[in-house]
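Before I ask anything, let me first share the structure, which is written out below as structure tokens.
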Amino acid sequence: MATLGFIEYADAPPEVKAVYDDIMTSRQTDYINNFWKALAHDPATLRRTWESVKQIMAPGALDPLTKEMVYLAVSTSNQCGYCIASHTAAARKAGMSDAQFAELMAIVGMANETNRLVTGYQVEIDARYRT
Amino acid sequence: MATLGFIEYADAPPEVKAVYDDIMTSRQTDYINNFWKALAHDPATLRRTWESVKQIMAPGALDPLTKEMVYLAVSTSNQCGYCIASHTAAARKAGMSDAQFAELMAIVGMANETNRLVTGYQVEIDARYRT
Amino acid sequence: MATLGFIEYADAPPEVKAVYDDIMTSRQTDYINNFWKALAHDPATLRRTWESVKQIMAPGALDPLTKEMVYLAVSTSNQCGYCIASHTAAARKAGMSDAQFAELMAIVGMANETNRLVTGYQVEIDARYRT
Amino acid sequence: MATLGFIEYADAPPEVKAVYDDIMTSRQTDYINNFWKALAHDPATLRRTWESVKQIMAPGALDPLTKEMVYLAVSTSNQCGYCIASHTAAARKAGMSDAQFAELMAIVGMANETNRLVTGYQVEIDARYRT
Amino acid sequence: MATLGFIEYADAPPEVKAVYDDIMTSRQTDYINNFWKALAHDPATLRRTWESVKQIMAPGALDPLTKEMVYLAVSTSNQCGYCIASHTAAARKAGMSDAQFAELMAIVGMANETNRLVTGYQVEIDARYRT
Amino acid sequence: MATLGFIEYADAPPEVKAVYDDIMTSRQTDYINNFWKALAHDPATLRRTWESVKQIMAPGALDPLTKEMVYLAVSTSNQCGYCIASHTAAARKAGMSDAQFAELMAIVGMANETNRLVTGYQVEIDARYRT
């Protein structure tokens, strides 16, 4: 199941329950996914990770759908099976259509291709792109 | 400079010039960046790569700014120096603000963190996320 | 099972048996794990890999537990499922506690995050850190 | 220098100065490295990242030297030039000897090798290692 | 099965059937593998990807077996389970022997090891290797 | 230059000189490249790495040119600047033409693209490809 197993809500110590409650409230759901139940063995990391994700994914200069799609794009590029599965679900919940998913994947694939072409050909950065 | 050097417009054979012309027309610029000038030693790959990029980055279900930001996010995750430099420029040209850039980077960083946490804890995919 | 299948002790040619024997003696176990049984189809690679691992993981300037945890950290960062499973077991055998595992994972996650932030922001190396 | 440039102490707004002060106090130094000065354009990410790093790298079940070496190992595996330079310095400050550095690198190299061998041979996880 | 499911030949629209037909003709098989059936939800990406693969993998300065082995080497280095499985099959069909497979894997492993050693030791590129 | 600096032949202890001599004899050159001079601070790793590379890159079921090209392909996929520079030189010395280089890069790029497409679409391995 997971290296240290999962901690269910009923068995959780108060500091874990507090995070679970905040996740459920923030996401308007009664479901805690496996990632958080695995991390709960380390309450400090559970809280820090959740607070970070909540802060980063809140609406800001980028809208929630764009944020979820970027998260999915990076997880796809990293080939993280769990993250692809869970963030595909999250992106769809945020409104991602099948057409948007397909275009997103096409960009992830293309970027991975050109990243290697440019490095393999040892292309020097153009003067105008240097910081 | 680059493994095979750069091919400048004036020295390019017709099939390379045709791609350079299309790049300049499509992007409304008179500048060909180093990547294309390095790839030009392989005209078939130059054409295929440009046609693919043009098709993928055209407006569709995702708008051009979102597409450029996803490209930059993946290039950042892959730590490709050239691609980060050139796609930061491209994303800015498409309208990316400093605040959008900062939020984008925060998501790329966070996704890379949680991708490893979930894999390291060997978290099983939730039944509801399975395809 | 594996691309070329597994070679069990009873079916192994002498040069493979010799490596298996050394693994079991060195690790004080009677168990040969799947990795070695898969590699055994290439006796030269089996021997070279085992000799390298034995040399590298022997106590030295770093103690065995630290070494196992570093191996697990790298395998986690690379998202290698088999390696995470087997090196979690090895690290625990070397004495890794649940608290140490959790701190290790937190560092792996954080390093992956800041690696991308620093590259994405195109941060120049400080003069004092240059070699 | 960096995508958004660096923010020096003298030019920093109060919320950035507060983080800079905490970094200098915690690390007993009067030097702020480029990473933080680049991130300072996004004060929320500056604070979140610093607070996370401070929490994760504090002495706990793992000692500070081990933590710095794990950070360096992961950064090396990810091939992040800036992070390798800065965390080599940090690990040395925490007491890493040349011999420990060399053993650390050997493990990082070996783990990257066996990670690919095991995946390339499509080796199934041993029943005893499954969670 | 796959995020958007598979599209079977009988259910495919004409532009997808045309690609499927070309795959079967080019590869002299009546089997369409899952990758193409998953991509078929995005006919433009299906066609572009197939045309690119067909062009790149055609005999040229490198023979088909070498090409398939390079594809497998990269997929192994990237730890892509599906790609390793399918390109191992393709390389075998192109004539890869068990001995060639084993040597290929040894190189992939070694390159991954030395890539990290050289980066971790921050080795400067020799003047004679600079472009 | 490098984290621990370089050890030149004249300053090398006997066990390092012995490896340098073997490198020069095996490669029929009087040049020791920076990688070995950096590793020489750890004579055990210098010897082990050199012996492994020598064994793996020797002619076998795959010819030397193919081996060098696979090494370059993996180094390109991993985006290791030093390794790309040095193995491009080595592959050319082994006979790689510009046309072979260009086809190699095209495959590396394409494999990186399809690796992500297949993972992002969560494509299940075909029954016929399973081991």
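Going by the order they are written in, the chains are A, B, C, D, E and F; count residues from 1 in each one.
The rule we apply is simple: contacts are C-beta pairs under 8 Å (C-beta built on N, C-alpha and C of every residue); 3 or more make two chains touch, one makes a residue touch a chain.
Predicted, not measured: the structure shown is a model, and the values here were computed from it.
Path length between subunit A and subunit D in the chain contact graph, taken as the least number of steps between touching chains: 1. If you take subunit D and subunit F together, the chains in touch with both are A, B, C, E. Distance from the centre of subunit A peaks at F, each centre being the average of the chain's Cα atoms. With centres defined by CA atoms alone, the chain at the far end from subunit B is C. By the residue-number overlap criterion, the interface of subunit C with subunit E counts as different, with under half of its numbers used by both chains. With centres defined as mean CA coordinates, subunit B is found 21 Å away from subunit A. Remark: subunit D and subunit E have CA centroids separated by 34 Å (rounded to whole angstrom).
Looking at subunit F, residues 1-4, 45, 49, 52, 77-81, 85, 88, 99, 102-103, 105-106, 108-110, 112-115, 117, 119-122, 124, 131 sit in touch with two or more other chains. Taken pairwise by the contact criterion, the protein chains are fully connected, each one touching every other. Across the complex, subunit B is touched by residues 3-4, 41-42, 45, 49, 78-80, 131 of subunit D. By the touch criterion given at the top, residues 1-4, 31, 33-35, 38-39, 45, 49, 52-53, 56-57, 60-62, 66-67, 69-71, 73-75, 77-78, 80-83, 85-86, 88-89, 97, 99-100, 102-104, 106-108, 110-115, 117-126, 128-131 of subunit F touch subunit E in their complex. Put simply, subunit A touches subunit F in their complex at residues 72, 76-77, 79, 81, 84-85, 88, 105-106, 108-110, 112-117, 119-122. Residue ranges of subunit B in contact with subunit D, taken from their complex: 79, 88, 98-99, 101-103, 105-106, 109, 122, 124.
Across the complex, subunit B meets subunit E through its residues 1-3, 5, 44, 48, 51-52, 55, 131.
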